[in-house]
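Please find the structures below.
Below are two complexes that have subunit A in common, paired first with subunit B and then with subunit C.
Here is the complex of A and B:
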């Protein structure tokens, strides 16, 4: 008994602080958030207990999901995520593929591509707000101006001010910032494939395409999945970049995280909490299967 | 091996202890203010006046405060960022945690409603009597500040006017519009805007959503008149009615004369377009005068200022004000601060530096700049109504809902009928 305590005690004691902190500040607060979202706590008076807040179960969720404005936010989130994911995966893979062959100055290129990630979303957002200025023709500036200079006037558009697809314009800086990170992941994946495998494939007479299709891609798929999950959950939480390019009240660039912010500033804690829970569930749908899978693989 | 294990245990214990101590230390901080309860040796003043003319105004006000109350220490609780949104965020948290500052800045009027409902601020109407403010503030203003049961929850430090149109006379002249022209109503104005628009200049510059709401409220005011406009906020004017519909149609027309990149601009950039001559008109509150003056522009020659057409004789007011939070650690300090805020010396010093005008009517206009003198004159004589975009007319939740609906409309996601019913729904809740 004493022996067992000696064996388990110290590690448990070591872990206790982080377990307690996680328990209170992550899981405890998730529970508190969820409870708030089930009440009709829509005003400051209810939040401070001056007026009663009663349990309304899932009414807030039903109202939110039924409202046209929130559907627009969700649609924006889907558009943003798809474009962001596809963009970073393609760019990241291309760069990794080019750098994978021994090139002169590989280290330099690697840093150049990875560097945007070091810039905060807020800082790059300020610059991109100017680049993505929606003025056209005579008043144009930023990218629209650039299009004029190189004679591609037809490409001018109003960027993030388009009601339906405006959010995609905000995915451009996000892709610019995180493609380098995906590249680094893929590069590590490429480096992890032993040279012997390629040699063996070539000995067997595989063409270059077949080599990629049947040897390299299968080896890279775990890396691709990790990249998808990491970029995917970042995209779902998108807030800072949108806030620094656009403004919270701008309808064209609303996403659930922005809605949550606006609800909270209106003292509407119940709806803010409900949006938070919906976001958590969406992220969990992406992450939990991945965690289960990696867990299983590690056990194997 | 055993030594190793013991060491692990020791380190773990130390870590736990360290964390516990850190936690205790953290809570000790908060209790600090409470221990000196009731005393008047200091006052923490929470504002978002951290830069520019606002900070200059606060510094001037503190100067007067130190003269009037030399024994009370002023503690600056200014929070910078986001035109006050960072400060409001932090304030919300502090009030919720029952750790209020001694006094905080807030827009006077309906924006205080949430704090009142949450029982977070005190009725200060007895301080109005004590400091003799009821007679020196315009009666219209006191009416606007009082709740239905006659209570007043803050003391205004300064007044701004939201229904001002700024123009660049050079641009007007170059495009065949008489810069001296005065407009009786929006229709006359829109005829000239149309002319400018056809000439290829931005006729009217506007910025992001809140500046569009600012424009909307002046249009409502122009078309409905002051009485019906005020009725929008107490329910006596019908949002679904044909008068509002006509006003919204005018708003739609006005928005069609504006710049495309509006949603990415805040007011300084929109006003800058008039200063630079890339736009002819801009509707903005009278804090914009600071932007012109900073760049050495002269009122009358380089720029003109007038009430928005159709709102002549109406003063669309907003005010910063100071409150007395429930459970403030130093209520006596806070009362001393409020006394300075309401005093003639305090108001003159503050407003000269900030560029706004005193809420008191007994200040000497000669102390102020040319534009301020005209504003002081209007404030004393005009009908006073409450601004929507700046929290005087409606609570935060209503304003946010109206802003959302306006953004949806101006980006083209809803039509006029949808917009009108969303506005009606926003004001009903």
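Here is the complex of A and C:
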């Protein structure tokens, strides 16, 4: 017993500060948030504890999911995530593929493609709000004006002011910002494939397409999965971009994270907490299997 | 030429039949460079817009001149943006520097224990820590505001230091754990045989070889804390908060929308992370890589 304590004691002691902090700030608060989401804590008086909040179980969730307003937010989140994922994966892979073989000025291309990653969404949002200006024709500035200059007038549109698809306009700056990241992941993946593998395939007379299909793509699929997970969970960062490009009150571009902010600002803590829990469940459905799988693979 | 044909020629090993394919080979190369340069320009469009607009005065406000160079170059926007944002930039430094150092140090301790002084159940503990990296912070925000209030920590700089430390622990732990897994076992076993305790081993053997990882982690934490907006908007105002909040306030504020000033401000707000990226790009990419769980 004492021996065991001597073995396990010091490591646990060293981990203790972090474990306590994360225990409280992650798991404790998730539980507390869930508890709040089950109450009728909808007013400032309740938020500050002057009036008691009553347990209403899942009423908030049911009401939220039934409201057209929140469904619109969820739909926006889905649209945004799909466009953002597809866009960054295609651009990232294309860039990595072009830079995979030695290229003159490779360092320059790589650095420029990757640099937007170092900038905050708020700062890039300032520029993109200008670029995504919805004025057209005579009044056009931003990308709409650029389209006129290069003779592609037909491409002019009202960007994020479109009620159904406006959210896709918000995905454009996000793609601009994170494609370089996906490129870096894929480049590392390409470089990690042993040269012998390609040689062997060529010796067997495999065509270049077959080489990709049967040798390179399978080798890259773990990288692709990592990229999907990371980029996918970053789609929740849409909040920063929406706050700086559109306005939180704008119906056309709102997502659950924005709803949560608006609820919080109006002291509707119960609904804010419920939206938070819904987001957590969405993320957990994807992340938990991924973490378990990674854990299992490492053991092997 | 289709993309597939380009693949065929671009990747055919030259020594096999260099003469036959020379023409196609160079056409594919040209196409590749055209593509690379095209995307280079596309990626740099926002940079052009930012620079040009920030030097424009009110005389250039007409939309027809949106993409043109300024008629009169002025530094006025830059001066206004700087006086507005300078205090917030100072506060951001006060948040970012201590929080990066503390969370890096905690991550290093955790990473060492979890990879090299392991115990039964360490994998589960690690996975539990890692989960904290992926949670949407919206799911803790409401009770977090109440907790911060109850702890009596003032909003603004002190709260944000604490939050960046706590929520930085998962990623710093991950990066250090992956790094220490590559350290040869013998190195640490040698310490054990000598009878050195865990802390001694960490201090005299592990810490000195951790410098590269510290650089990666510090850059990562510096960048993500500098660019943070979510915690900042919930726990500070433009009077006591970091530059992201101040910039957002400047760009969306009650003042009539002055793009020149907000674009100059956006550059000021991005400069520190851009400088880090330009000088320490290699380590920056290292941090990105560790962002993927397998490292």
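Observations on the model:
The rule is short, and it goes like this: the second predicted complex is superposed on the first by the 296 of 300 C-alpha atoms of A that agree within 3 Å, B and C clash if a C-alpha of one lies under 4 Å from a C-alpha of the other, contacts with A are read in each partner's own complex, and residues count from 1 in each chain.
Keep in mind that, in the parts below, a contact is a pair of C-beta atoms (placed from the backbone, for glycine too) under 8 Å apart; a residue touches a chain by one contact, two chains touch by 3 or more.
Bear in mind that the values here come from a model prediction, so they are computed numbers and not experimental data.
When the shared chain is aligned, subunit C comes close enough to touch A:29, but subunit B does not. Looking at the shared chain after the overlay, A:39 reaches neither subunit B nor subunit C. Touching more residues of subunit A than its counterpart among subunit B and subunit C is C. Applying the stated contact rule after C-alpha superposition, one finds that A:139 touches each of subunit B and subunit C. Once the two complexes are laid over each other on the shared chain, residue contacts for A:156 go to neither subunit B nor subunit C. Look at A:10: by the touch rule set out above, it reaches both subunit B and subunit C. Once the two complexes are laid over each other on the shared chain, residue contacts for A:247 go to subunit B and to subunit C alike.
Of the two partner chains, neither subunit B nor subunit C is touched by A:81. Of the two partner chains, neither subunit B nor subunit C is touched by A:60. Touch criterion not met for A:235: it reaches neither subunit B nor subunit C. Comparing which residues of subunit A touch subunit B with which touch subunit C, the overlap comprises 10-11, 14, 17, 21, 129, 135, 138-139, 247. Put simply, subunit A touches subunit C in their complex at residues 7-8, 10-12, 14-15, 17-19, 21-22, 24-27, 29-30, 32-33, 36, 91, 94-95, 98-99, 101, 103-105, 108-109, 111-131, 135, 138-142, 145-146, 149, 176, 180-181, 184-185, 188, 202, 207-209, 211-212, 222-223, 226-227, 229-230, 233, 236, 239-240, 243-244, 247, 256-257, 260-261, 264, 269, 272-273, 275-277, 279-280, 283, 287-288, 290-292, 294-295, 298-299.
Within the complex formed with subunit A, the residues of subunit C that make contact are 4, 7-8, 10-13, 32-33, 35-36, 39-40, 43-46, 49-50, 53, 63-64, 66-67, 106, 109-110, 112-114, 117-120, 122-123, 125-132, 134-136, 138-147, 165-167, 169-170, 173, 197-199, 223, 226-230, 233-234, 244, 247-248, 251-252, 259, 262-263, 265-267, 269-270, 273-274, 276-278, 281, 284-285, 288-289, 291-294. If you check the complex, the residues on subunit B that touch subunit A are 5, 8-9, 11-13, 15-16, 19, 85, 88-89, 92, 95-96, 114-115, 117-120, 200, 202, 208-210, 259-261, 263-264, 278, 396-397, 400-401, 403-404, 407-408, 411-413. Residue ranges of subunit A in contact with subunit B, taken from their complex: 6, 9-11, 13-14, 16-17, 21, 42-45, 47-48, 50-51, 69, 72, 129, 132-136, 138-139, 158, 161, 163, 245-247, 249-252, 262, 265-268.
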